[in-house]
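The two complexes that follow have chain A in common; it is paired with chain B in the first and with chain C in the second.
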Partner chain A sequence: MRPTTLTARFLSAACLSAGLTWAALPAHAGLDEVIELHILPGTADFADATRRLSDAASADCRPDAVQSPYNAAFDAWMEISHLRFGPLEKNGRINAIAFWPDAKGFIGRSLGGLIADQDPIVNHPQDFGDVSVAARGLFALEMLLYDPQYADYDADSYTCRLVQAISVDLARMADGIDADWRTTQAPEMRSAGQDGNTTYLSRDEVTQALYTALLAGLEFTADQRIGRPLGTFDRPRPARAEARRSDRSLRNVVLSLEALRDLSGALADVAIPVTEAAFDTALAEAGELNDPVFAGVGDPTGRLKVEIVQQRIQAVRRAVEGEIGAALGVTAGFNSADGD
Partner chain B sequence: MTRKIYAAATAIAIATTPAYAANEAVDQADVLDTYADIAAAAYGDSLTTAQALQAAVEALISDPSAETLDAAKAAWKEARVPYQQSEVFRFGNPIVDDWEGKVNAWPLDEGLIDYVDGSYGGATDENQYAVLNVVANPTFTLSGEEVDASEITPDLLENTLQEADGVESNVATGYHAIEFLLWGQDLNGTDKGAGARPWTDYATGEACTNDNCDRRGAYLKAATDLLVSDLEYMAAQWGDTGDARKTLMDDPDAGVAAILTGMGSLSYGEQAGERMKLGVLLNDPEEEHDCFSDNTYNSHFYDGLGVHNVYYGQYVGVDGRVVSGASVSDLVAAADPEVDAALKADLDKTMFKLMAIKVAAEGGFSYDMMLARGNEQGEALIMGAVDALVQQTRGIERAVSALNLDDIGFEGSDSLDNPDAVFQ
Partner chain C sequence: MTTRRGFLAAMMASAVVPSLSWADAGNPSFLAAAKEADGGYALFGLDGEGADLFRVGLPARGHAGVAHPHAPEAVAFARRPGTFALVIDCVSGKVIKELHSPKGRHFYGHGTFVADGDILCTAENDFDTVNGVIGLWSRSEGYRRVGEIPSHGLGPHEILTLTDDLLVIANGGIETHPDHGRDKLNIPTMQPSLTYVTPDGVLRDKVELPPELHKNSIRHIAARDDGLVGFAMQWQGEPSDAVPLLGLHRLGAGPARLAQADLGEQLAMQGYAGSVAFSGDDAHVGITSPVGGRLHIFSAEGDLGTVHRRADICGLARGPRGFMATDGQGGIWHADSETFSPLHRASRNWDNHVVAL
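Moving on, here comes the complex of A and B:
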């Protein structure tokens, strides 16, 4: 499955740069494969999709015209949303692109504030990065495009210009992520351990960063995307489902699993049958779940089905640890979701 | 590998007098002792300063005045100094993490407790009880059950109101509930200024402002009493026979990993991310950790110092007493001096960056001003500390690798902490 040229290129680079320490490692991560086949196509897709979104919104800002490119942009985001380090972390991009969960209702409050004030920042979309992350990115846009409180705006309204400004800002960030990955992040990862590289002192550190992103991505989908609407048996919380206004809650779970399976395959240099099987099972369970926004978490049968998907994702994580973690000789580092 | 280090360290310790200078083998047990001693001292100081706060609160209630309110506020700020330094013990020590929400939960929907300004809004999708106002309501319905709150007791706060309706922001106990009761809401937005609750909110008779002064006083007293008893419990856990100390000592490898887990999880996800970066990104002073008192810069500073303390194996108590001994730094230095030197430099840099925020805030550039949209100096100050915290997290990961300690990270995930539970 993995092109031998990539393997050979990677191995020689690793041996040259890292010398003796590498002889002791059980396997090498498919760094070039991860970058070339997983990350860079994803950052390019997201940049393209947000550019199309921005173009569409500038041509016609109303929900009917923008919803379709909006969904395409969100789909593209799901290809890379688990890469929560480096370019995605820079300048708070990940928070600005996907401000969720929003337990304190910042999105509604921030958008409401801009609209009430007719804040002139919308006339300078390239500076829109100055406003609160709650009024930026995919979730602010979702509120304006789908929530009945906002979505009936006219083409000459303030909200229309706000939709355009958020779209321009998104495309700008996506472009920055793609550029940063190509010009800075990928070269830094490839030159790990070489003189002058202070970010990655060894290939191990790169492997650990990618492996941490994989596990943290699985954790986020299980604990947040599914765990938040599940709430407790006595107090289910369907209103907490991610992107429920645009009916994307389950879709995001599926897309995140597909992206993480892609990363797993690229990262591992050995066959990973247990992990592949676990992903298949989780995706099959999610595919059979006929509940796009987890509305069924309140009744016992519907809830059980959602819980099963969550359990299957937790099983994927254990498979990854047992198979990929063991093969690469790596354990997870700290991730940004550590803490509360 | 780690066991080998441990065995070698033990052998040397038998042959020679233990010495903790870098480059000499260090006994893991001694390192854990120092760590537990620092925890005992930090929680002990947290307890005594909370007792001083308790006395100040009692003085405020029995003799309400501007002076007694100010004295209580001062006592609260002093109590935060040791407590924030203890936060590094939270992640990595389940006994602390399971308990911590009782004393330092944040952010809170303060309308649960007492009156709030109209701009605060009402109940939300997330929290039906965001404006419950227990001070004003002796009875109310909570999750379908009638609650008798005619007497405001520690039990009511702890067992009925805390995380009411399963909502985390229903914070009824701990430092921040007390902070709100002393300062009130900070209505200055990103302008300078803290909450300005009048002392007459605790006055008796005609002088009482905003109604229910007696119930407000009862709430403040109950919350303070509860804080003291919670801290008594935690200080005891780190005593010579305490469970937290014992758990740590039972498995030295896991114990050292717990120290580094606590350092890394607090530095990155919690402090750099949740507490500092998010506030800047949201431009929202409500995201300040100590938003009522405007004491946020100190909370950040002492959080950072706590991480510094446990790595260097040294803690300066509120009475000037110094606890020090064999440190994680000594262990790391023995394994890889470069990693140790780099991490020390990272930790020192973080303290310098946190100090810069503290200096600016105490000089008049308050933390809420730093959060204002387009305030570049404020953003640079805060993000400077955030970047330093992220950098030190990388250094902590390198220390983990240098010591060959596995299975670190992923704090707080039920499914990972207990991976078999899902199939039971």
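Moving on, here comes the complex of A and C:
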């Protein structure tokens, strides 16, 4: 985690112990710890970082000025991107924020359409939510800020206003996520099983939701973030790496592992030495991989190194299932894990 | 005037003990299979509010059930590639008959009754020739296997009785073989279809998807009394392809109408629809995605109206008002185009389907 997050964590921990009596806390899979130390600091970071991005883009929309706050916003997104339920799913936000993978090239087509039409929607950035999700969020912005086809735009161009509108829209969504977590989602999780709570019918459902997010996050990083560029031995697909235009592919793997380790520690109410060790191994392996966009998947040596990182993440998943899942008495979703 | 035929029918009727009706089983409104807290499996009869009326233990994971149109009997099917189906007396809770698929066949998990309840039809795989087959079993002969007809497709999954002389069949198109478990053996060439077939095996209509959607496995179906059929699909390509997962069709109407949500919501379904049903008032059709935790409710014309979110939701059936939905966390829900509210919760995992009686 970045230093700001660490500070936020210590502050939150202090507030928590000062403001609440421990006896009032439910004897329950670290729910308050997850909310106070993992989720709310993350949603606040993402709201702050996207506001700074939006401010920066308003002041100067050109790539040189926007790329740095863009990366800070993406870093903050990686703290919460695995929380695929509740506020992140509301109004289709998750796909509007992080439209990836994009095998069919929806992003290029949608952006190209807006630019070709000089669509006046950019003059009303608060209504930008009406635009196709492919032309919104971090990946649309990445295309405009980094792809040579777009990134030489001028300060008075349509693309400039598009960058500003996407940034405003992103900050609006991030602010909505943070507000929804504080006013609705966290209270609903805390009052699970009580009369009138129609989101969580029991405490177990909250544990299930957090545990599912943890497992799905590990799976997404192993199967998609690494699996997509790996392709097959005969057909490696380096161009499919996530956020390769901004050189973030490996960085996103590392940040997602750090966020998921943070969630694991908060969620488990017992010591989890096997899981901790598995995260350490996976992060060490990823840290040694000198291949920021997985360009090496095409040659046997480079490919092997990427495959090892993937295997280490799969080992984390098994550790989580054996240690955290067993302790909490939960498994992956019944129908979603094995449909027919 | 007493004809010979009428006389024989009267003789037969008088020879039968007074038959029980669904009222004797408490008039259940729904059937659903579940995994129980102790790890075992069972089939449940539920009332209109989702409360248990009866429970029958199953030897392994079930998939769906079918209710007899008059007698309080239900048939519970094993999950594919299972080979058993149980005929259950829903008054006593006892298994009346255990059906086993013939050599060279396995069940897919769904079935239906025709001939006013005398013939049970079961969706089956003839796995050595890779042909879809509908097995026919005579109830009046103690559920003796009396024949089979082609499904006119590969991998028949759900079958429904449209009228007493017409079946509609979702041929998933995916080749499997028990030697390879649930492995999919023909994804590059798969060709799903919706077929309309008479109980004597005559193909009346066949619907296929446009070539670019040939990997969209047509798996589950629902029908309205006026013949409109809704079908739910499971995409075998990338979930990010965001293809339509709901189709609407009528016998003889040409290509199906495919329906989808906006791109963001369509992606959220993750290429998977688990169940499909029409609403109680016939005005809406819904599909569920347990992977995406979504219930999408469309108008019967195929326009998306409402999105409800619930983790692991899969079972969906016509409700007295709107829909009845079940999820893998034990929840039973009322859903319509405005509301989504809990009716009941049990400590069990509801399996893929809930069936309206």
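In this text, the second predicted complex is superposed on the first by the 305 of 340 C-alpha atoms of A that agree within 3 Å, B and C clash if a C-alpha of one lies under 4 Å from a C-alpha of the other, contacts with A are read in each partner's own complex, and residues count from 1 in each chain.
The definition used in the following text is that a contact is a pair of C-beta atoms (placed from the backbone, for glycine too) under 8 Å apart; a residue touches a chain by one contact, two chains touch by 3 or more.
Computed from a predicted model, the values in this text were never measured in an experiment.
A.B. asks: Using the superposition on chain A, tell me whether chain B and chain C clash or fit.
C.D. replies: When both complexes are placed onto chain A, chain B and chain C end up clashing with one another.
A.B. asks: Looking at chain A, which partner touches more of its residues: chain C or chain B?
C.D. replies: B
A.B. asks: Quick check for you: in the superposed arrangement, does A:204 touch first (chain B), second (chain C), both or neither?
C.D. replies: The answer is both, since A:204 touches chain B and chain C.
A.B. asks: Would you sort A:334 into first (chain B), second (chain C), both or neither based on which partner it touches?
C.D. replies: A:334: touches chain B and chain C.
A.B. asks: Taking the superposition as given, does A:92 touch the first partner, chain B, the second, chain C, both, or neither?
C.D. replies: The answer is both, since A:92 touches chain B and chain C.
A.B. asks: Quick check on the superposed pair: does A:134 touch chain B, chain C, both, or neither? Answer first, second, both or neither.
C.D. replies: both
A.B. asks: Which listed stretch of chain B (111-119, 129-137, 201-209 or 291-299) steric-clashes with chain C in the superposition?
C.D. replies: 291-299
A.B. asks: Once the two structures are fitted together, what part of chain A is touched by chain B and by chain C alike?
C.D. replies: Residues common to the chain A contacts of chain C and of chain B are 89, 92, 95-96, 103-104, 106, 132-134, 201, 204-205, 208, 212, 333-336, 339-340, listed in rising order.
A.B. asks: So in the complex, the part of chain B that touches chain A is made up of which residues?
C.D. replies: 91, 107, 109, 121, 124-126, 143, 165-166, 168-169, 264-271, 273-274, 277-278, 280-284, 286, 373-374, 390, 393-394, 396-398, 400-401, 406-416, 419, 422-423
A.B. asks: For chain C, which residues count as touching chain A in their complex?
C.D. replies: Of all residues in chain C, those touching chain A are 35, 63, 79-80, 109, 219, 234, 238, 240-242, 262-265, 267-268, 272, 274, 290-291, 293, 309, 311-314, 327-331, 340-342, 345, 349-352.
A.B. asks: Hey, which residues of chain A end up touching chain B in the complex?
C.D. replies: Going through chain A, the ones touching chain B are 89, 92, 95-96, 103-106, 109-110, 130-134, 201, 204-205, 208, 212, 215-216, 219, 222-223, 231-232, 234-235, 239-240, 310-311, 314-315, 317-318, 331-340.
A.B. asks: Could you please specify the touching residues of chain A with respect to chain C in the complex?
C.D. replies: Spelled out, the residues of chain A in touch with chain C are 85, 89, 92, 94-96, 100-104, 106, 132-134, 198, 201-202, 204-205, 208-209, 212, 333-336, 339-340.
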